[in-house]
Amino acid sequence: MIDPQEVPRFAGVPTFMRSPHVYDLETASPDIAFLGVPYDDATSFRPGARFGPRAIRLASTLLKPYNPVTETDLSPVTIVDHDDVPVVPGYTEETFARIEARVSSVLETDVFPAIAGGDHSTTLAVLRAVAEKYGPVSLVQIDAHSDLWTEYFGEPYSHGTTVHHAIEEGLIDPSSSIRIGERGGLYGPEDVDRHDDAGIEYYPIDELEDRGIEEIGDRLRERVDGPTFATLDIDAVDPAYAPGTGTPSPGGLTSREFLRLIRSLRGTTLVGFDLVEVAPPYDDAAGSTATLAASATFEALCAAVDSSGPAGRQ
Amino acid sequence: MIDPQEVPRFAGVPTFMRSPHVYDLETASPDIAFLGVPYDDATSFRPGARFGPRAIRLASTLLKPYNPVTETDLSPVTIVDHDDVPVVPGYTEETFARIEARVSSVLETDVFPAIAGGDHSTTLAVLRAVAEKYGPVSLVQIDAHSDLWTEYFGEPYSHGTTVHHAIEEGLIDPSSSIRIGERGGLYGPEDVDRHDDAGIEYYPIDELEDRGIEEIGDRLRERVDGPTFATLDIDAVDPAYAPGTGTPSPGGLTSREFLRLIRSLRGTTLVGFDLVEVAPPYDDAAGSTATLAASATFEALCAAVDSSGPAGRQ
Amino acid sequence: MIDPQEVPRFAGVPTFMRSPHVYDLETASPDIAFLGVPYDDATSFRPGARFGPRAIRLASTLLKPYNPVTETDLSPVTIVDHDDVPVVPGYTEETFARIEARVSSVLETDVFPAIAGGDHSTTLAVLRAVAEKYGPVSLVQIDAHSDLWTEYFGEPYSHGTTVHHAIEEGLIDPSSSIRIGERGGLYGPEDVDRHDDAGIEYYPIDELEDRGIEEIGDRLRERVDGPTFATLDIDAVDPAYAPGTGTPSPGGLTSREFLRLIRSLRGTTLVGFDLVEVAPPYDDAAGSTATLAASATFEALCAAVDSSGPAGRQ
Amino acid sequence: MIDPQEVPRFAGVPTFMRSPHVYDLETASPDIAFLGVPYDDATSFRPGARFGPRAIRLASTLLKPYNPVTETDLSPVTIVDHDDVPVVPGYTEETFARIEARVSSVLETDVFPAIAGGDHSTTLAVLRAVAEKYGPVSLVQIDAHSDLWTEYFGEPYSHGTTVHHAIEEGLIDPSSSIRIGERGGLYGPEDVDRHDDAGIEYYPIDELEDRGIEEIGDRLRERVDGPTFATLDIDAVDPAYAPGTGTPSPGGLTSREFLRLIRSLRGTTLVGFDLVEVAPPYDDAAGSTATLAASATFEALCAAVDSSGPAGRQ
Amino acid sequence: MIDPQEVPRFAGVPTFMRSPHVYDLETASPDIAFLGVPYDDATSFRPGARFGPRAIRLASTLLKPYNPVTETDLSPVTIVDHDDVPVVPGYTEETFARIEARVSSVLETDVFPAIAGGDHSTTLAVLRAVAEKYGPVSLVQIDAHSDLWTEYFGEPYSHGTTVHHAIEEGLIDPSSSIRIGERGGLYGPEDVDRHDDAGIEYYPIDELEDRGIEEIGDRLRERVDGPTFATLDIDAVDPAYAPGTGTPSPGGLTSREFLRLIRSLRGTTLVGFDLVEVAPPYDDAAGSTATLAASATFEALCAAVDSSGPAGRQ
Amino acid sequence: MIDPQEVPRFAGVPTFMRSPHVYDLETASPDIAFLGVPYDDATSFRPGARFGPRAIRLASTLLKPYNPVTETDLSPVTIVDHDDVPVVPGYTEETFARIEARVSSVLETDVFPAIAGGDHSTTLAVLRAVAEKYGPVSLVQIDAHSDLWTEYFGEPYSHGTTVHHAIEEGLIDPSSSIRIGERGGLYGPEDVDRHDDAGIEYYPIDELEDRGIEEIGDRLRERVDGPTFATLDIDAVDPAYAPGTGTPSPGGLTSREFLRLIRSLRGTTLVGFDLVEVAPPYDDAAGSTATLAASATFEALCAAVDSSGPAGRQ
């Protein structure tokens, strides 16, 4: 990482945290690889998340390596920018194949994948690769939506059906999974049944507000078991803090709640994470959504280092 | 309502919640009519609320019919988009006459009016129609300002004088009315006296913060009595959540507080509501203000269905 | 069309030109149907054109019915807003099937289709329907790009391959087709050969600038023959005039040149047109791209009325 | 004027051209008074021009005093910022009375009024004051619209009826007046008759494009006779150059054409001018519309100094 | 202050709170002088704070003089707008000399300085002037960053080194100073030592959240002693509320917390304050950052009046 | 260069034209090095050009390698992204030293420097390096301003004094230099003398408009002699086409004129160029200024390849 007291943050090619740009992980053998998945076609409202990885890279130039809250130091950790998956616009299933292949190649080298979406459909392809290595994993989903619908417009894959298919395909273990941040309307009372039947423990915003973020964070750590993957949908956060997203939902998490929740991942066996649905065309002039996403990525990286997963230093 | 799992939300003519566009209420005989009042000329700072109804329509395409928090289902409720009042730019009093006539025609058909402003001056004309049918009503005002001034620039009607005139004209009963969310400066200590003398119970932000939203919501339900009209000024919400408004006032409600307060209307005798001062030219690129306004309208519709008013199903 | 001297332009549900919102063309039997195709997934750079139809509807509320330059009066012409094709995000080929079906159903009623995209890939599906009725048509393509590439990312359909496939599938007759407005870089000199081999007469910007818009307009009318379809890609226009598009290319047409070129379609046998690649997330705050697109649509409608095609009154 | 080589342009209170802020003209006795008319309620589409005067003030901090094209030097000319007329939002006719009174008070002191609107309705009130002093004047109208309609929404005053009323009230002499820049649709062929009957010579964009800006400028100088007032509607310019306006019309003047046309006012008997319809909420992030309006104001001031009117130095 | 019920807020030259524009303080002898410091060159990320003073002036036209929470009335207090310091772009040290000279001249007249930055580097120059008059002062720093680094890019002065130099130069007394609002990453654990060694008591966001804003406010009042200067960095606030700033840091104060903290300054011996790092090019369309900054300035002015400092009326 | 038909343009780390990111030129030995100079502190109005290099990199992902107008193919030319100069915010002269050192190191390797500013002050440092190698060069300046002033705010270096100092220091030969695009006001008639005395041939916009772009381009080629450096200030272009710049000046070049002028550099002995004053915070949502700047850079690279300079293939 370039020293921001020597070279200003606004200077130079914006790789993630101004880390080396590396295609060949085997030779570089880093601890962590940042990987972009710029696909946004399977969205039900606003596209734009294809520019999410680049926006997070730009915002990440503001990050510093030491976390005073968790006392985690990323300085001795080697991070590289592993570029993006070459997606195929307009072809969801072909794109999924390319995502799965690329994530698998990262996992084969035992490098921790820190993934930036893309819309939430892409997480299914990521989980296929993860489950291939680890078997069904515990899923931590911070999200305004359950993504448990079965199909959209007569087709199976969409950013609203990811978790349904992940369960169906045996990629995650619902009984050790948890979802936090849901809110807004549903299509009918049958959706509530669907949520209950899926077997994932979930905490909508109203319950989170009543219990407090600390209790929910504790519950998260109790719930997960074994290899754990965290999928962070930026729309879990209120649009005031994260306007740049595809399906905004008012009444969400504050930035402080979001960052605190991510810190709750410390001590788990974190094997990877993705942060999805950052849609820069709808962000504000300051890029606040991308800036928050970069900070959230930083907190998740610290949690990975403080976990017993492949990036763990415990 | 068009099925968003068949036809994407971004497709088609944006009526409110993609409901039928209906001019003739008598024939359609719906439960609820969405009606726009695109007037913004009686504003003391920023205009633009004339585009509020269209922005709320666009954002409402994101809404789903079932509310899992209140377990209210709008699917069996018939909602129509009753278009807008044909206002007269630059002529406040002529515009008021047209608003009053149109709202009266809705009330005559016993359809519940869900109104989208326009600036807050227009509420006076709405209340004239409402009081004509119901007599003086209880007013629930969620607002950053009292709107109790007597005149502006030597003329009586303005978005800052609405409630004063509503009391003067006997349209509302102050002794069963309540105002929540006030903050910011006043012209002098005499304004405090004016607020006290008006007879409306009020809870400025500082008091709301100390007591908590639950207690204030309980107080709201205790205070109102008989036919109740809710006037929701989006500027009650902090500009972080609702930048697109005419006279922004920092230090306001969060989106969660705002939505919770509106849910407090359940169980009252709600006879109508308006949501005013959404000024799209000042909104962010994501339309966050309009999105929140659409969600607030949804919560108010749920409360109307859960009330003993004309849309009530209790 | 609602009288804008009675009801302000900013009021009411924004259908195209505030015309009736009609699903059933057979009963309504209008002269012209405005139809949206909100698909933007087959784009190589910026998405967002799915919101093009709605943006053009909003901007079209500014249009008046009489064209003093061409002395064309749309008042006696019946126009309806035929809503949008229900596309399938992330599934290009399934979407194409739905577009083709819907356009065919319009053509079957002998109504003139005025189509708003959507990205330029969708024109292929439109042309399939058109050619099914008329056989190979003359194509007038006003565009910054040739769209003659054969594939992108290993898949055949993309907004850069439309015209190649239209020729391959026999939907258009290159020998009576013309392309105007091309500029910017190519992948190599072989692209020039590809352009020449395709058989479409073409006028890049530099040639247009040297010859003048009048001469090119005359050439357009000489070139086309029989049923003619016009495909207007807004990126033909310079980004200063039309920033809201997916693949902007500096050095393009001015608004006056663009509108004049469209007027050149008068006197042809115009059987339909589409205006594509309006991407509102990248438009300016004033919606200048959509406003220009609405004016261009108006000019094309006037040309349709002044043509010997199905909307022709000559 | 503050020296921009001593105090940066971005520093200090933004009066017009950083000139003194003067309420009392009689004592100050300047050559030219800049006066704002922040009224925008009589608009048929987008409001916002009430912030026009402030935006022009801000942009004017970029101006320098010497015009190398016309060799006009404003350094020896005393200019003051005479603040704004205290308008009454929502009350057009009361506002007109205040505008007329304030402009009359300027004219009484023989100071040249350089006026910044506001919407185009306000020009009627300005012309009442001007005609009171000078009798019917020659009008130079650079505008996308004729503003010759008789009423809107059943009321007489609107930004679309100004010139009609100016003729009716005998404030201008059509036979020595000229209009340049018109384009876009009309309500019907009867509007063409209305334009012809009004007696003002006019040059729509298409004619201007065919004849060239020089010829039209020459014609302007030939046409006007005696005291001349110029009303510059920023919407004469294409939205690419001036997006921040209330009723944008594609296909307009370029900035070079606009500035050249204004220079054509040199040598006339210019007694005042206004520049209207700058609506900052719709301007771009750079304030391009306001920047162009400031440059246009500068050119008009140079023309005033090079005229035989009250600011003339010839 | 101009009466906003007579002259609309959007009218006229935007001085701070529409107060008189005064260069000569000695003659005017006001209680409070608003002074801009439009320098933003010593910033490590985004510039733009040079336009902060103008943006705060514009937003301040919304302020009213009476504070109902603290019962403070600014009506009898004389406030003037003392324009801006003529800074030198690109020359930090020369600019510091000009700032120090101008602030000293204000302090010599015993007028209370209410300063609007500029980036946070400028506070060093302000403190030099303040300490010259009062000796080492108590510093209240509300800020996302400590600004305790020793140099940037090999040069001493930067917006990240201000407090370090203020201590080194003996301008502030760390033992009676306090910092609130810090968060985000550091360069390493040595930065924590640096913070501890500096001797300023500090409350990062996580601690503030756990203790509550009231307790921290109480602690502030206990900590400071004697002449107190408050430096309010708008980046203490979360980017959701204040996106328009140079180095945004997610997870910050809400607007209500920020305003409450400023109210805690009541009862101290406040001798001046500055509000820095408002960068309008990154603000939202509504100017929310500037609006909050204006409200914060109002609260700080009320605290100054309720203090035993030079503006105090106790 | 990555194949955009294999990997979408929106994917991956955005180096210039997606070329290799290379710090060590000696080993790589490319034909052309893209180099950023992110300094914007010596600006008299709006900062932001420090983000110019990154914005041009992002926009350059749209470029293709073959120029059909000039028949220039960049495919066989090796281009690298040489990152940015590590500037020192707030310290102009220290920054100049770093720029000069870095450009000298590029020139030493005989690589052609393609430089992206930064404000126009930085060109002085670049020219120092260029003249050190080549002696006084011919300067082609396309610019809205002469940059011939001697000092600003009492200091010598500023974006308005660059050419004055370049002449004074003997870095350029005025008698073989040319300036195109000037317009707008000056401080007084003495500025015209200054321009004449400087000895650079110049063509203000009005003269360019009268003569036509072809003639001026021809004159450019006649005027220059020997090693030639082109400095392209994006503010030469009209703000409609390039709003994102520090000191916008209405009435400028169109994009077509700008690109054509740059093509006129073919056949000269081009030894380097810079493109300055792209200020992304003021650009539009589409990044039109950066997109035009990327196209202009492409045209200048083609001219370099078609020149007898170090990148020349003739």
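For clarity, chains are labelled A, B, C, D, E and F in written order, and residue numbers in each chain start from 1.
Convention: a contact is a pair of C-beta atoms (placed from the backbone, for glycine too) under 8 Å apart; a residue touches a chain by one contact, two chains touch by 3 or more.
Note that the coordinates shown come from a computational prediction; the quantities given were computed from them, not determined experimentally.
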If a chain touches chain A and chain F alike, it appears here: C, E
Turning angle required so that chain C lies on chain D, C-alpha fit (0 to 180°, nearest 5): 120
Copies chain A and chain B touch via same or different residues, half shared test: different
Pair from D-E, C-D or E-F with over half of its contact pairs in common with A-F: D-E
Where chain B and chain D are represented by their mean Cα positions, the distance between them in whole Å: 39
Centre distance in Å when chain A and chain D are each reduced to the mean of their C-alpha atoms: 54
Cα-centroid distance, chain C relative to chain F, in whole angstrom: 37
Per-residue multi-chain contacts in chain D, two or more chains: 6, 8, 10, 44, 46, 50-51, 86-87, 89, 152-153, 238, 240-241, 254, 281-282, 284-285
Arrangement of touching chains [line / ring / star / complete / other]: other
In contact (per the touch rule at the top): chain pairs: A-B, A-C, A-E, A-F, B-C, B-D, B-E, C-D, C-F, D-E, D-F, E-F
Complex contact set, residues of chain A against chain E: 4-6, 8-10, 62-69, 71, 73, 75, 238, 240-241, 254-256, 259, 284-286, 288, 291-292, 295-296, 298
Chain F to chain A touching residues, read off their complex: 6-8, 10-15, 21, 36, 38, 50-51, 53-54, 57-58, 81, 83-87, 89, 281, 285
Residues of chain D touching chain C in the complex: 44-46, 149, 151-153, 184-189, 191-192, 204-206, 209, 238-241, 243-245, 247-252, 254, 281-284
Chain D to chain B touching residues, read off their complex: 40-44, 46-48, 50-51, 86-92, 94, 121, 152-155, 157-158, 281-282
